[in-house]
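Pasting the structures in now, so scroll down.
Shared between the two complexes below is chain A, which has chain B as its partner in the first and chain C in the second.
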Partner chain A sequence: MAIFLTFIIWPALRGIYISFFDSTDGRTFTFVGTANYKAIIGDPTAIEVAKATATYVVFYVLIATTLAMFFAIVVNEQKFAKGFFRAVLFLPVMLSPVVVGLIWNDVLDRKVGPLNALLEAVGGGSPGWLIEPKLGMIAVIFVGVWVHLGFYSIILLAGLQGIDRSLLEAASMDGATRGQIIRLIILPLLKPTTLVIIILATIHGFQSFDFIYTLTGGGPFGATTLIVQYIYDHAFQVPIQYGLGSAAGVILFMVIFAFTALNFLLGRKRDAI
Partner chain B sequence: MKMQSLRSKIAIGLSVVLSAGLVATGLPSAHADTSGLQPTSAQLSAWKGKEITYYFYNDSQAELDITKAQIADFQKLTGATVKLDVIPFTSLDTQLQARIAAGNAPDVARLNNPGLYQSVSLNLETYLGRKYVEEFLKGSTFQVTDPKTKKLIGVPYDLSMNGPIINVDQFKKAGVAIPTSWNWTQLIAAAKKVQAANGTEYAFAMDKSGHRFSTVLSQFNSYMVDKNQRNVLPQSKTRAIKALKLITDLYKADSAPKDLWIGSGTKYASPVAVFVGQQVPVFFSGNFNLATLDSTAKFNFQVVPNPKELNGGGWPGGKFLTAFNTSKTPDLSAYFLHYLADKAQMEQMDKGAFWLPTRNDLVGSGMKYPKRAADMDVYLADTASTPAAAYGIQSVPTLTGLIYNYLRDLMTDVMGGKITAAQAIDKQIAWIDEKLATLKK
Partner chain C sequence: MRSLKLSSSKQKWTSASGKRPPTRAEILRTTFLTVMMLIILAPVVWFVLSSFKDITDLSSRPPKILPTHWAFENYTEAFKMYNYKQYFMNSVFITSVATVLTLVINSMAAYAFSKYNFRGRDGLFVMTLAMIMIPLQVILIPIYLVVSSLGLVNTYWGMIIPAAATPTGVFILRQYMLTIPDELIESARIDGAGEFRIFARIVLPLARPALAVVAIFSILWRWNDFIWPLLIAQDEKLYTLPVALALLNGQLVVPYNIVLAMSVMSIIPVLFMFVFMQRQIIQGIAQTGLK
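Here is the complex of A and B:
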């Protein structure tokens, strides 16, 4: 409890407090009221960042959850080399996000990257993954999903293995098709686990920063600058604005809190029905 | 013999230019010497067992190796311990600002933007004497002189000079003569010819840096801030647009690594790996990359003179040593800084890491580099022919880095077709005006 209070609650409260001050050096603070919040709302860059973050989170959560479900089902029904495939799926989770960004930066290089070499070989041209704003967003969503997919899949796999096999066998004996088993038995029974995945993916999506920073640096032209980088840029890059960075952090906290609460509420409502 | 004479001339020229170009420093010209400064027995007994932290970044492995060796010697000399914190260049200021804010400032730091730390820097004159400043080239101390008190709050550690480095093997294969003097039209034509002959991905690459691009501006006789803290970019706007267009057109046309520049967002990026990978024959960088290239390049390379348009020469930069006023042992910190910047240690570092000296005694005697002497002579010659106006921007040390970064990001927008070169220069002018106004408040 003491650790939780010291390292989580106190810094969070301190962050909220600092968001009402202006400080360019972290040592002297001037009270500015809600000026930092007003500055963020009136900042066109912040609007662009909000749009980019929303785009990233929506696609990231959708794709990551869908693919994680797919891979969990595939791996669960696999008959051979189960351990190997699970390890391969989980491997990106163990990589440092910074390394992930650097690796994909090389892979996605327009002129000398292996992906474009492959695409060129099949007549797919040389897309500028890191210099075209839309492609940049696609690239960071893809890499974000790639990094966390194994983690989500393993959680869903645990949920799948908790389903009583006799239910599936009974449905099969009653003539249910594979699609019907998945749609009418597996997915409903996995709903609580899926909800956890959606909440985790939403939080991960909003908090994505490290691999994006090394992959695109927030570029091209700010297209992949998400809210955490906005906080980082204002709080730690010269010219430092600790108050503004803290205010952006508070906004991020409120957004994540609202989405998490909404997910829980919708989950409960569905359960009640 | 001839080479020695050339070096002496360059050294004298360098001193003259730096001194003449920076009369604004207003520092005394009489020479002093603290090279014999030794700790007293009282200091030695007080320092024994004490620890100081040295916040350090390096451009090459050689710099790190030499620093570690010098620290080992310093520890033997003083009985104190120096904890070396090696920081990546890209997060140098970010981490340091956070550490200072958290009350965890190091004792000594190697910086490239010392103006940001004026308020927390240690007044070195208290510990090293008023005349210590006179051991360094006048112009080189501009950024480490407190604008209000005129006291020395750091020392110049490396002069730094920008300029092109070429892949000699690729030039030879293309039948293009190694340039001894050229302008930008000739540089670009040569680079494209070498690119075509060798099938390299690019013709030209420049560090993603407003500082590096300022070299081109200077060659077109365009400057942003003068020694009196005035925005002088409007006076050379047409030339600035021309220079900006020259470089950004290379990136737009894929003759330069656009992915590296645009694809790294708002971060600094260096195409050193592109050059080492022989993907580009002309690399516009500076002497700080020479040690890395010397140890990693598997081909012959050479430093060539900066292109000359209206002006020749390069663009001054520099690395600095600063001690912080929060140090618990300020005298030890000041002495460590003095030790690193004394004649013997600086000479060792300059020779081993291809740095340019900032000390009058080393410049006066002419540095004799054991390796790549011809390359270093090019940098020294370019330093000597750099116009005095190029040092003007150092009159606003708290803004220097910001001005460069804003320009760099505008260049990114021009490369991406978001704005024109003319719009970029207009924005830069307006932005400098705004920042200079805040400075005067």
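Here is the complex of A and C:
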């Protein structure tokens, strides 16, 4: 318990505390009030980072949850080689994010990457995936989804397997089409699990750092620098600004917390209707 | 090949069993899944193939799928140069010690939470749960400052001890231990077994499935950890594999083919574990919703 207190609770409180101070060595702290927060709000890079993070999280959560739902339903119905498909789907989750970044760096390389070779073969030109800011963001979102898709699908699959089969059989006896069964029975029954997935995906989205570090390094031109990298850059790269980094950490926590709460509330509200 | 595959597929969720020709939906589904699996697998396969290419092959345009000559020397070189063995052993050491420590600490905490009544127990447990919600990235700086004030920056313990505090593990183990009947523990107590003996001889063996899940998670987490070791391991001798790979990749002095070989070697242990423990891993994740 002491370890938990030392390494989680205490730091969490201390993080909020430090965010009101200025420190470059972690020993001496000068009280600066809300100056760190003001500095972040007034920092044009921070605004860019906030925009990039928002773009990333929105698309990541939407695409990842939709695809995961789709996959879970398809794999669940699949009889042939179901275990194999599930295992492959899950494989990227096991890989170290650092290596994932390296893998896609290799695949998306403008000149010698296989993707552009394929595109050129069909006359699609050779886009600079990791060179142009917009494409860089697309690449990062895609890889983020690629990594986590299996994870969300597995949780949804577990939820699907919890659905009483006799319910589905009864519906199909009564003449419901597959589309109707999915839309009117499976999706509503799966709602609690879906909510969990959306919350997890939101948190993961805001936390993304490692695979981006080796995929784009936050570039091109800072287009894929998300909030965690911003924290890292400000707190652990010269000039060291622990206070500013902590303030960004507090903001990140509040945003995650707000989104989680919002998801819960929305989920509950729709239940009531 | 395709038709052979499909003929062995059976029915969907309706009607009786028995072989019959695949429906259009089944063909569509299997084809779709096969294509998607290719999209998922292809990059990994490409990467592994790349690790066997020499520099000329790697920079050829258009890229070659198979290496013109299989450059196994990438692998042997990797071991000779750049302290790769050291990084590998660091990862092994940190992963195993942190996992053992995690199991010991978490199982004790879980036992206390599930089988003892003490003041503030439920409050503490709620706090533990709340901690699952706090991502490491948010408290990165303060933890770093705590570790640094303990003088643990740039040491193995600085990477191991904070990692051992995994509330997730406590949660999984506690839920499992709740299912162990109190009577069992009571009767052991009446038979004169000491508290530690009960814990070691009765509770731990019974909680083995949950311990396995926590152990697997811990191994995965620690092996793949990046941001924390990146902060703590400042001396190159302490680098873990992910840190070494990320930093070497940024430096132009290290040939790219060697980085590739190192990366592939670094994922082999995890893949090995996945192949053998797939069921436990997937079930564990499905049940807890944690990664």
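Assume the second predicted complex is superposed on the first by the 269 of 273 C-alpha atoms of A that agree within 3 Å, B and C clash if a C-alpha of one lies under 4 Å from a C-alpha of the other, contacts with A are read in each partner's own complex, and residues count from 1 in each chain.
Methods note: a contact is a pair of C-beta atoms (placed from the backbone, for glycine too) under 8 Å apart; a residue touches a chain by one contact, two chains touch by 3 or more.
Fair warning: this is a prediction, and the values are worked out from it, not measured in the lab.
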item	value
Joint occupancy of chain A by chain B and chain C, clash or fit	clash
Partner chain in contact with A:Gln237 - chain B first, chain C second, else both or neither	first
First, second, both or neither for A:Ala158, with chain B first and chain C second	second
Touched partner set for A:Gly128, first chain B, second chain C, both or neither	first
Which of chain B and chain C A:Gly144 touches, first, second, both or neither	neither
Touching partner for A:Gly205 - first (chain B), second (chain C), both, neither	neither
Partner chain(s) touched by A:Gly219 [first = chain B, second = chain C, both, neither]	first
Which partner reaches more residues of chain A (counting touched residues only), chain B or chain C	C
Touched partner set for A:Arg110, first chain B, second chain C, both or neither	first
First (chain B), second (chain C), both or neither touched by A:Pro11	second
Residues on chain A lying within both footprints (that of chain B and that of chain C)	26, 105, 111-112, 213, 217, 236, 242
Complex interface listing, chain B residues touching chain A	93-94, 97-98, 100-102, 113, 116, 119, 201, 257-259, 262-267, 269, 279, 401-402, 412-413, 416, 418
Complex contact set, residues of chain A against chain B	25-27, 105, 109-112, 128, 130-131, 136, 213, 216-222, 224-225, 233, 236-240, 242
Contact footprint of chain C on chain A as seen in their complex	1, 3-4, 6-12, 14-15, 18, 26, 71, 74-75, 77-81, 85-99, 101-107, 111-114, 117, 120-121, 146, 149-151, 154-155, 157-158, 165, 168-169, 172, 178, 196, 200, 203, 206-207, 209-210, 213-214, 217, 228, 231-232, 235-236, 242, 245-246, 249-250, 252-253, 256-257, 260
Of chain C, residues touching chain A in the complex	5-6, 8-14, 25-26, 29-30, 32-33, 36-37, 40-44, 46-47, 50, 58-63, 65, 105, 109, 124, 127-128, 131, 133-135, 137-146, 148-149, 161-162, 164-165, 167, 220, 223-224, 226-227, 231, 241-242, 245-246, 249-250, 259-260, 263, 266-267, 270-271, 273-274, 278, 281-282, 285-287, 289, 291
